[in-house]
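Presented below are the structures under discussion, each in the form of structure tokens.
Here subunit A shows up in two complexes: once beside subunit B, once beside subunit C.
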Partner chain A sequence: MRRDWINIALAAFVVLFFIFMLAPILVVVVVSFTAAGYVAFPIPGWSLKWFGNIFAYQPFIDALLVSFQVAIGATLLSCAIGIPACLFLARARGAWAGAIMTFLLSPLSMPMIVIGFASLFFLSWLGIGISFTALLITHTVVCLPYVIRTVAGVYAGVPRSYEEAAAILGANPAKVFWHVTLPLIRPGIMAGSLFSFLTSFDNLPISYFFGSSSTNTLPVVMLSYLEHQFDPTIAALSTLQLAMAVVALIVVDRIYGIDKMTVAG
Partner chain B sequence: MTTIMRRTFLGGSAMLGAGLLTGIGPRLANAQTGEITVTAFGGVWEEAVRKCFVAPFEAKTKAKANVSLGGPPQWLAQVEAEPAKPPVDVLIMTPDLALTAAKADLVDDFTVEKLPNLAKIPQQLTDSVKGKGTLFDYGVSGITYNKDRVKNPPKSFAEFVDRVASGEFVASVPSISYAVTPIMLIWSMAQALGGGANNVDPFFKAMEKMKDNLVFWAGPNDFFNHLSSGEADIGIYFDGRTWNHFDSGATWIDFINPAEGGALNGVAVQKPKNANPLAWQYINEVLDAKNQEQFAEIMNYGVTNVDVVYSDKLKPRITPWQQTQFPPYEEIAPVRNEWVDRWNREIGR
Partner chain C sequence: MQAPDQPAAKPAASVIKPWLLTVPAILFLAAFFVLPLIDNGMRSIVGETGGLTAGRYLTLLTDSFYLRVTVATVLLSAGVTLICVVIGYPVAYFLVRKAGRWAGLVIFLLIAPLLTSIIMRTFGWQVLFARRGLVNNFLVDQFGVLSAPLRLANSPEIAIAALVHVLVPFMVLAIATVLQSVDTRLEESAKILGAGRWRTFWEVTLPLSLDGIGTGAILVFMIANGSFVTLVMLGGGLQTLPLMIYQQFNTTRDFGMASAMSTILLVIAVFCLFLQLRLVRRRGA
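Take a look at the complex of A and B:
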């Protein structure tokens, strides 16, 4: 009897916790369907016009494209740099390997606004200035730790004997990587890529400093819009982003399984 | 099935990534002569800038003006990072940052020789940013209220404080996290209550009296939500934003410029040193009376060219800048951190 009460209390706590977490998001979703020209809850009527407004405001579309380009680019570069680094460092012995790993993960411990501000001055000094290249480099710096952390975590759990067995059976290092290592670390790569993409796509503090007429990302334009406009277009855009994230998670779950990726992370 | 999906997904992702990355090339070769980059805030602001300033500039010069969206701290940092080759040719700044740019010698002097329309801008507004720019647009922070709940609104800051303190209204005021709070609330109310930049005690005493009937807004949309939800009846807010809400359908909202005068919140235009000289022609368009009239009509904010004639709709909404309090930005800058610290200790929200 006492156990039943504990279970009921626990279930009630979990339900309340989820309501607490999800209610603000639900309010944003509901407000995005309002017929009013301003943000108010409860809403006076239903309309899809704010979703139409997203596509009518060209800077949102331009910025969305830039956000996709930089997020995909930074994720690919992070994988290109991070995966070989992990494979080497995870098997390396000595304090220097740990030091390099810590160095590669260090952007995680720095406030992003500091990285953005410092990168602006450093890259301007190098002559790269305010450009898509500068934006891509800086986003890669902050995305890299997510790929390294997850891939290194998975690779550390792969017994060395698997690769040794393949080598003994005649596989060269490239074949060992392609047929043995890569399939085993793939969940880590997917998890790291997903975190990397989302970190870049949602990033404001870094993108803010590299914004220009051709390099503004969606969060920068959303902030600028939000400060000087009162209509619910931002709520509609947030709902759209939420829907995209949910669809991405469903697709990734169908292909790799969220459980595997969670374990990898 | 799963294998096919995986391969399709990976292959598709790789192609998409490669395709999108080809966008890098054209960006690197984007700089052209006869092209300038101007700045604007997002939303209706950007649309007004394109319509009122960019379009006439492009029509007259046949040059192109790209619009960079963002905010003054971002643009100032970008100009500081590359003063020899500034990435923006025209700056839109808050007066305090305009003064910072002027003091750092990052921006050019404004003269009538370069800008014929400058002759139509009151000298005080150009002097306010040391002659290295001028104010072209302004708002006033005053008393905004819900007409349905406040039938007889206070006419002055002093009356506002007394009636909020007595519990007649719940007021929404900007929190210290909002960048302009030291100007639009602390200095403005201190000034109205007999203090000033060197004495903000009257403000903190007023806040102590009102504390049980105050809520705080962190951003302009919070304020509107407070008023629309009934969480607050009245508050300190901007005139232009109030009228924008009114025009969006919130016809229950109204604004009063307090008897002591609300704080003027200007927007300055500046040209970074070494920026494209075409920027002068663009800025001249920004200062043009007809263009400013059109801008004011869209934005519901006052503009500064003396030849501007507001429409009948706008006339009762615009507070002449002479009836506002002009914040002494240079006096406020050295004591601003002290005020923030005192706010955190005494008010804490």
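Take a look at the complex of A and C:
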């Protein structure tokens, strides 16, 4: 009897926990459909006008384009330098390989605002201060670990025998990579790219330091908009962004099966 | 490009050593991650007139205002970490031992918030606790507890709740991973030997899952320490190092001081990373 009581208490706690986790998100989704001219919850009626309002504010459109370009660019760059590193690191044993892996993942552990602040001065000294190139470089620094961690994780689980078989049958290393290794690690590349894209798209503490009318990313514009206005446009924009992330996740999951990979960590 | 460790490598390929594949990534991070941080460290110790100075660090560690900011940063992170452990453990326990066929749903609900932007979640807290938000509506209109809406948004409590909201999934996943590997037969043995439910938990389950708490705690502490967006939007008068760096950059424009504060944050982060590696190595052994 007492046993059941404890189990019920635990289940009730978990339900409360998920109410806590979902409330701030659901509330924004609901507010984005409000008919009111102000932010209030519960909403007085339903409307789509705030979604239209996103496109009436030019800085949002400009920033959306910048954010897309930076996120795609940083992800491609991360894949270009990260995937080759994984091909070695996922199979290597020994202290050196471990140390290299730790180093390549270390940007994840550093405060973003420090990376942003330090990079602004350093890149300005190099002559590429506030520019699209600077955004691309700094975003790649924080996107690279996501690509490396995911691709290395997937590649470590791939048996060597496939590649060995191909090599014994006469395929040269380039062919082995293209026809055997690449298809096997593609789920990891897609999932890593998705995490990398979302990380870049959501980044504020780094992008903030590289803001200008032509290099403001979406979060930077959203933050400055919130400093002057507290209206449901931000809710609509957030909901749109969430819908985009969910669709991307479902598509990648349907094609490659993300659930087979460990997302934890 | 070639796959590593080819047993049947052709002579042409053996010229290219597989470790060379890591060179582009290492060079990139050395140039655009390590060098900026070294440059930042230099800026913090070079005086206004040139020459080296430790003056900024002395100020940071002795001036009562700056000292309070540093202490507040560490205390805030430690407090958030503690709350995450207390809230996260029961959820992790439920996920591993009780959820059964619901486990998939629990994991989905844990990971789903990670898809939302940080601005969305912070905005959500503002909406809940705004003057015309859900909480005030309930307190004033529904229950008539209060005559006027409370000014709840922008208080330290809300900022802490928002930080916990962002970080607690990491804690749950870290604890659950270790809890999964705890042999339930050990718990059964304790019970057979006469230990009660609580005693079994305190003396068997909890000690065996300490590694998970440690991994989660370091991760949460590390991220909380550098947290910025949540505090800028909901800060409620909290003063932390990331906020001070932001202010020094924006208004005071004392870049040397901001660099010194960045270096202190960095030292804390490196220390956490070191602890994390030791924990991973111990678990691997």
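Following the convention adopted for this analysis, the second predicted complex is superposed on the first by the 237 of 265 C-alpha atoms of A that agree within 3 Å, B and C clash if a C-alpha of one lies under 4 Å from a C-alpha of the other, contacts with A are read in each partner's own complex, and residues count from 1 in each chain.
The rule is simple: a contact is a pair of C-beta atoms (placed from the backbone, for glycine too) under 8 Å apart; a residue touches a chain by one contact, two chains touch by 3 or more.
Since we're looking at a predicted model, the values are computed, not measured.
Q: Will subunit C clash with subunit B on subunit A after the two structures are superposed, or do they fit?
A: Aligned on subunit A, subunit C clashes with subunit B.
Q: Touch check for A:S238: first (subunit B), second (subunit C), both, or neither?
A: A:S238 sits against subunit C, while subunit B stays out of touch.
Q: Is the number of subunit A residues in contact higher for subunit B or for subunit C?
A: C
Q: Answer with first, second, both or neither: which of subunit B and subunit C does A:F121 touch in the superposed model?
A: So A:F121 meets both subunit B and subunit C here.
Q: Of the two partner chains, subunit B (first) and subunit C (second), which one does A:S47 touch, if any: first, second, both, or neither?
A: It touches nothing on subunit B or subunit C.
Q: A:Y38 in the overlay: touching subunit B, subunit C, both, or neither? Say first, second, both or neither.
A: both
Q: Once the shared chain is lined up, is A:F209 touching subunit B (first), subunit C (second), both, or neither of them?
A: A:F209 sits against subunit B and subunit C alike.
Q: Quick check for you: in the superposed arrangement, does A:I255 touch first (subunit B), second (subunit C), both or neither?
A: first
Q: Counting only touches as set out at the top, which of subunit B and subunit C does A:L226 meet: first, second, both, neither?
A: In the superposed model, A:L226 contacts both subunit B and subunit C.
Q: After superposing on chain A, which of these stretches of subunit C ends up overlapping subunit B: 37-45, 127-135 or 163-171?
A: Among 37-45, 127-135 or 163-171, only one stretch of subunit C overlaps subunit B, namely 127-135.
Q: Across the two complexes, what residues of subunit A are contacted by subunit B and by subunit C?
A: Comparing the two interfaces on subunit A, one with subunit B and one with subunit C, the shared residues are 38-41, 117, 121, 125, 208-209, 222-223, 226, 230.
Q: Name, in rising order, each residue of subunit A that touches subunit B in their complex.
A: 36-41, 57, 59, 65, 68-69, 72-73, 75-76, 117, 120-121, 124-125, 129-133, 136, 208-209, 211-216, 220-231, 251, 254-256
Q: Once bound in the complex, which stretches of subunit A touch subunit C?
A: These residues of subunit A touch subunit C: 3, 6-7, 10-11, 13-14, 17-18, 20-25, 27-28, 31, 38-42, 80-82, 84-85, 87-89, 91-92, 100, 102-104, 106-107, 109-115, 117-119, 121-123, 125, 137-138, 140-141, 144, 148, 160, 163-164, 167-168, 172-174, 176-177, 180-181, 198, 201-202, 204-205, 208-209, 219, 222-223, 226, 230, 234-235, 238-239, 241-242, 245-246, 249, 263-265.
Q: So in the complex, the part of subunit C that touches subunit A is made up of which residues?
A: 1-10, 13, 18-19, 21-22, 24-26, 28-29, 32-33, 35-37, 39-40, 43, 87, 90-91, 93-94, 98, 106, 109-111, 113, 115-121, 123-128, 130, 132-134, 137, 162, 165, 168-169, 173-174, 176-177, 197, 222, 225-226, 228-229, 232-233, 242, 245-246, 249, 255, 258-259, 262, 265-266, 269, 272-273, 276-277
Q: In the complex of these two chains, what residues of subunit B are touching subunit A?
A: That would be residues 2, 5-6, 9, 13, 16-17, 20-21, 23-24, 27-28, 30, 37, 41-46, 66-71, 74, 77-78, 80-82, 85, 87-88, 219-221, 224-225, 228-229, 241, 244-245, 248-250 of subunit B.
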